[in-house]
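Listed after this line are the structures, all set down as structure tokens.
Next come two complexes, and both contain chain A; in the first it sits with chain B, in the second with chain C.
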Partner chain A sequence: MVTLTIDGQEVTVPRGTTLLKAAESVGTKVPHYCYHDGLSSPAMCRLCLVEVEGAPKLQPSCVTQAQDGQVVHTGSPNAEAMRRGVLEFYLVNHPLDCPICDQSGECKLQDFVHAEGREHGRSREPKRVFGRDDFGGDVLFYGDRCVMCTRCVRFMNEVEQDPRLTVVERGNRSVIDTFFERGLDGTNWSGNIVDICPVGALVSKDFLYKQRAWDLDHTPSICPSCSQGCNIDLHTRDNLVQRLKPRTNLEVNAHWMCDHGRHNYEFMNRGDRIEAPLVKEGDRHTEVGWKEALSTMLDRAREVGGTVRAVASPFSCNEDLAALKAVVEALGGGEIVYRLARAEEEIPLKGMPTLARRRDLAPNGTGADALGLERVGDDDGTGGLETVSSHDGVVLVLGDALQDQAADFAGGASLFVYLGTHASEAVQGGDFILPVTTFAEQEGTFTNRVGRVQRFWPGLQAPGAARPAWLVLGAVASELTEAEPANTAAEAFSRWVASNEPFAGLDYASLGTRGASMNEPVSAAGD
Partner chain B sequence: MSDTPFKNPGFAGNTGEFDLTEDQVRGRDFVPSRPLEGGHPSGTASYPYMLPEKHPDAPLFEGAYQERFEKLLTRYPDRRAALLPTLALAQEVRGHVSPETMDEVGKLLELPDAYVRGVATFYTMYNKAPVGRYLVQVCTNISCNLCGADEVLAAFLRATDTEMGETSADGNFTIVEAECLAACGFPTCVQINSRYYENVTPRDVPGLLERLREKGE
Partner chain C sequence: MAYPYVSDREVRILSKHFGDPAARTLEGALANGRYEALKKALEMDRGAVIEEVKTSGLRGRGGAGFPTGVKWSFMPKDSGKPHYLCCNADESEPGTFKDREIIRWDPHQLIEGCLIASYAIGAEHCYIYCRGEFFEASSILAKAVEDAYQAGYVGKDILGSGVNVDITVHIGAGAYICGEETGLMNSLEGRRGQPRVKPPFPAAAGLFGMPTTVNNVETLAAVPHIVEHGGEWYRQWGTEKSPGTKLFCVSGHVNRPGNYELPLGFPLKDLIHDVCGGIRDGNALKAVIPGGSSVPILSAEESEECALCYEGVIAAGSMLGCASVIVMDETTDMVKQVRRMAYFYQHESCGQCTPCREGSAWVTKILRRIEDGRGKEEDLETLVEVTTQMTGTTICVLSDSVAAPVQSSIEKFRDEYLALIRRGERVGAA
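And then the complex of A and B:
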């Protein structure tokens, strides 16, 4: 450990810590472009220079290691004058097209110039113009806005390890490009270069001119596209998910996410939802209130009895699945199956061996397994439901839209209850069709492939009367077992999830935004 | 080389101050241009060498050039380090470094194509487009500029009827501007292919071009 003084504050950091990280630990953010936590530091943007007493010149804080007794001034007149000068140079050729730039509002150049730049540039020269270039994939390049931090080049070299990007030409004419027309097509992680671009040089085609950054609400969530469980933020506006961005969690996905997950969000915005509880009367369904729907259903369930066969979905959270399990047990027991689509192969990220787009294309297959659910069906997520469909007792379906099933699904069942978001043909025979929320509209936890239990938060308003499945099923289970209902996801977790052996010892609140592994919980229950 | 008086060796025009033969100036072993078949492998391509005869479709590399390529690989710790001389060798063979050449060089050295492009475009001495038989690089840096390099450059453009960087209609000349050629004592300096012509004035230009057209370098 070394002890140094940064802006008058004494701080002790491990040997080898850079001044930039040491300053961050006392809450001082040193402006920088080329430095990124997940990449090497070339110290080429010259913006993070700080004054170190005794050093003849300003030192780049992103590569200078903290020394014992060092006295560092990040905001000394010298350092500030230097930053003002460097920023002025950055603006010599920068187009200032913020009003039409997607990065506006989350742009580091904008931020730093607002904070410390000059009011007016002194350059009278015409700005050089590159125009824009389609890099292929989802990436669009605006050469004029580039500040040449080369984060994108280093990401492709070091992390994706598919060195397609390079700096072409030199000096004033230098520009980021691929090998002529070769582009980024076929890469699976290049969306990350849009995230790490500090300015609007690399923008997403999907998000182009869609929303302004400051209009978006950010909700911490978990990527639902595979069992890796990447931490993400849902960026929402107008009750629609506008884009997904990776959220830093060094133990799961670091700063990255794959393009497959990044662009798989439209299903969260899908309309044509089931919006009210539907009860079958004769051959048609009638909208009823939740109270009536659930009490009628409970009456029917008590009346018909018999064993239960249930279908769950690996897209449902642990709380939903555990509440379903509780209901099945309360009704006299039975088996619960789930179906899970598997991709042909993993899509690895070469620079991070623990991160890949996994084969299991759902977020909570591990959670379903841990709760004792049985996986059935083929690798494309179809089939396997013959025993459920022909069951003559109670059939419960949660989340699985039954797209591949015929209209007479569970035709012989004494009671067929469907909880889901969309009604396919096979659902039409349901005695009760109950609207539940998607993961984007509710709180809960997913268990990723290595057993890390991670929380997500609601980013969207649920349509109509849709409620989280754990609330609905929890109410049913409580009624059947005459227990207190769970009113929050935390209660649902502690009541139904944590009582299962694999989840024992996990505490909902202490999962936080980082999650905890079910093999080594952060704190034992009863602490 | 010849017994005819070589007026002002390295100079464009005859100022009458020298009256030496080329042999006397350069020595009898001077080879004015590298033989097309590649020359001796000991002469690696670590220095740029431009030939008037350009073969844009020539293979990379064969014969003596293959020998030179292999030789230069032994002089660098890894293949990445050998990229600059390999590009120079490729340019010597083909006259310029085209996208296809970059791709081929990348494959030869097992380097990413984008990286090769980045390096090739960083250096101005690699021609990214075809040039004429004679690449005329006029220094317009400080010393030459003070002595009228702009006029010399204009004279070259006028005499060849081209724009900067363009190749003349007969395919003979490409005129470009160059930064300091390190001949500040003899402004204006003009480099034509691999040879320097010093103290060039606008008046010398037509005769110089004529001489190149007729007799070669």
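And then the complex of A and C:
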């Protein structure tokens, strides 16, 4: 450990810590472009210069290591003047097209110039023009806006380890380019370069001109596209998810997410939702209120009795699955199965061995397994429901839309209850069709492939009368067992924890936004 | 004596055989006593060679003037890693043409210096990084290296001493910045020719991440003479702080431009008016750049008392650099001259550091505008401030090199800028 003084504040940091990180630990943010936590430090943007007493020149804080007794001034007149100078240099050629730039509002050049820059730039000379280039994949390049931090080049070289980008030419003719016509097509992680670009030089085609950054609400969530459990933010507006961005969690996904996950959000915005509880009367379904639907359903359930067979979904959170299990047990017990699509192979991120787009294409297969649910069906997530479909007792379906099933699904069941978001043909035979929320509309937790339990929050409002499944099923279970129902997600979570030994001791609040591992991590092998 | 021009005031040690094509061949070189110092060095202890060079006070001839023996002593003793010597022959500073001449006329002198230096620092491989445009020089050098290999002076078990030193001649692709020592190493490794952040310094982690010393051609060419005759012998010329002789590349408005080897501390006035035969056409002297285009410009008055040694030129307000003396007479358009130098730097900036990448181009644009008669008086203040923002804020000193001529010319020839800005009057326009 070394002890140094930063802006008059004494701080002790591990040996090898950079001044930039040491300053961050006392709450001083030194502006920077080329430095990124997940990449190497070329110290070339020269924006993080700070004054170190005794050093002949200003030092780049991103590579200068803290030393015992060092006295550092991040805001000395000289350091501020030089940083102001560097910012002025950026504006010599950076176009002020903020009104039509997607990055506007989350642009580091805007931020730093507003914070430290000159009120008026002195450049009167014509700016150089590079124009726009399609880099392939989802990435569009606006050369004029580039601040030449080379984060994108380094990401492709160091993290994706598929060198597709480079700096061509030199001096102020330097420009980022692809190799001939190869571009970024076929890469699986290149969407991250849009995130790490500090300005609007690299933008997403998918998001191009779609929304202004400052209009978006950010909701911490978990990527539902595979069992890795990447931490993400839902960026929403008008009750629609507009884009997904990775959220930093060094233990799961660091700063990254794959392009498949990033672009798989339209299903959260699907419009044809079940919006009210439906009760079957004759061969028609009638909309009713929740109270009536549940009391009628409970009456029917008590009346028909018999064994239960249930289908769950690995897209449902731990709380929903636990509530389903409680209902099945209250009805006399029975088996619960789930289906999960499986990709042919993993898509690894070479620079981060613990991160990949996993084969299991759902967020909570591990949570389902931990509750004793049985995985059935094939690698497309279809089939395997013959015993459920032909069951003559109670059939419960949660979350699985039964897309591959025929209209006579569970035709012989004494009671067929469907809780879901969309009604496929197979659902039409349901005695009760109950609307539940998606993960984007409710609170809950997923258990990723290595047993890490991570929370997500609602970013969208649920349509109509849709309610979280844990709330609906919890109410049903409490009626059947005369126990107190769970009224909050936290209560639902503690019931799930209580019923699952491996998760004992986990506390909802302290999971925070980063999650925690269950007591005995499940083996990640064989995934 | 035919070599373009010579003067009886010269002390010709390194340049003794300039102009003699026979000195290029191995036979000629041996007849001139080349490789005798190598034999002597190989019988000495490595440390003793370094001590001898320290005693001589030889300072790096590439521009920075760092004591060579001290630099060598930074190399780790028992690192267990391969060590490298890089000979910097990427001579690209505008106004400089001394290394090219050493290579062209006496390549074995350089090879011998490389071998002795490699031995001293424990390097078994020396790379000579030649400027891309040195077509003739690099082919002469490559031939000389090949001959030296054949004769057993280079390669495995040199002269039966058990010492191995390989020499590779590498030709750059034509970038000024690859003459910066870490840019040179990047270029040698096949990377983009951009200077590296220091620390780590080359002696700790240089070429291929291994301990490396980078020396200029002229520095290495002086080493055999020092080893042969001793450090004290070398000190008979020059000053206390700048011992020895130095090649001065004189260009510009003098009657006899060329390379002159003179003892350090030689008066600049004498160099121009005596050695070089005075200013052309009997014109008056206007300004002198004493050390290549990267150093501040000296006015005629300042050059009067300037002694050409490291400390003497600093006292006069500039730097000796690589001793490339550019002489400008009264017909010189300083604005155009400075704009041309700024253009060179903006063209050669590697582009990684923002102040240099953006600043050098910005400064050039402003100067171009002034030159075209569209300047404003406040532009001068902007130029000074912008170049101040470019000084000391970057990885290497190319950025500082833009600042030196711009700031010094505005300080010393402000009237000329103002005459152009206010009245459109230009020097030499008639």
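Note that in this section the second predicted complex is superposed on the first by the 517 of 527 C-alpha atoms of A that agree within 3 Å, B and C clash if a C-alpha of one lies under 4 Å from a C-alpha of the other, contacts with A are read in each partner's own complex, and residues count from 1 in each chain.
Simple rule for what comes next: a residue touches a chain if its C-beta (ideal position, glycine included) is under 8 Å from a C-beta of that chain, and two chains touch if they have at least 3 such contacts.
Keep in mind that what you see is a predicted model, and the values were worked out from it rather than measured.
A.B. asks: Regarding the shared-chain residue A:179, is it in contact with chain B (first), chain C (second), both, or neither?
C.D. replies: First partner only.
A.B. asks: What is the contact status of A:169 with respect to chain B (first) and chain C (second): first, second, both, or neither?
C.D. replies: both
A.B. asks: Using the touch definition from the top, say if A:160 reaches chain B (first), chain C (second), both or neither.
C.D. replies: After superposition on chain A, A:160 lies in contact with neither partner.
A.B. asks: Would you sort A:147 into first (chain B), second (chain C), both or neither based on which partner it touches?
C.D. replies: second
A.B. asks: Quick check on the superposed pair: does A:49 touch chain B, chain C, both, or neither? Answer first, second, both or neither.
C.D. replies: Second partner only.
A.B. asks: In the superposed arrangement, which partner chain does A:88 touch: chain B (first), chain C (second), both, or neither?
C.D. replies: In the superposed model, A:88 contacts chain C only, not chain B.
A.B. asks: Counting only touches as set out at the top, which of chain B and chain C does A:122 meet: first, second, both, neither?
C.D. replies: Second partner only, chain C.
A.B. asks: Does chain C touch more residues of chain A than chain B does, or is it the other way round?
C.D. replies: Touching more of chain A: C.
A.B. asks: Residue by residue on chain A, keep only those touching chain B in one complex and chain C in the other, then list them.
C.D. replies: 167, 169-170
A.B. asks: Which chain A residues qualify as touching chain C in the complex?
C.D. replies: 42-47, 49, 56-58, 60, 63, 81-82, 85-86, 88-90, 92-93, 122-123, 125-126, 128, 147-148, 150, 167, 169-174
A.B. asks: Under the touch definition given earlier, write down the residues of chain A that touch chain B in their complex.
C.D. replies: 163-170, 177-180, 182
A.B. asks: What part of chain C is in contact with chain A in the complex they form?
C.D. replies: Per the touch definition, chain C meets chain A at residues 175, 177, 192, 197, 346-355, 357-362, 365-366, 369, 382, 385-386, 388-390, 392-395.
A.B. asks: Could you please specify the touching residues of chain B with respect to chain A in the complex?
C.D. replies: Checking each residue of chain B against chain A gives 99, 102-103, 112-118, 121-122.
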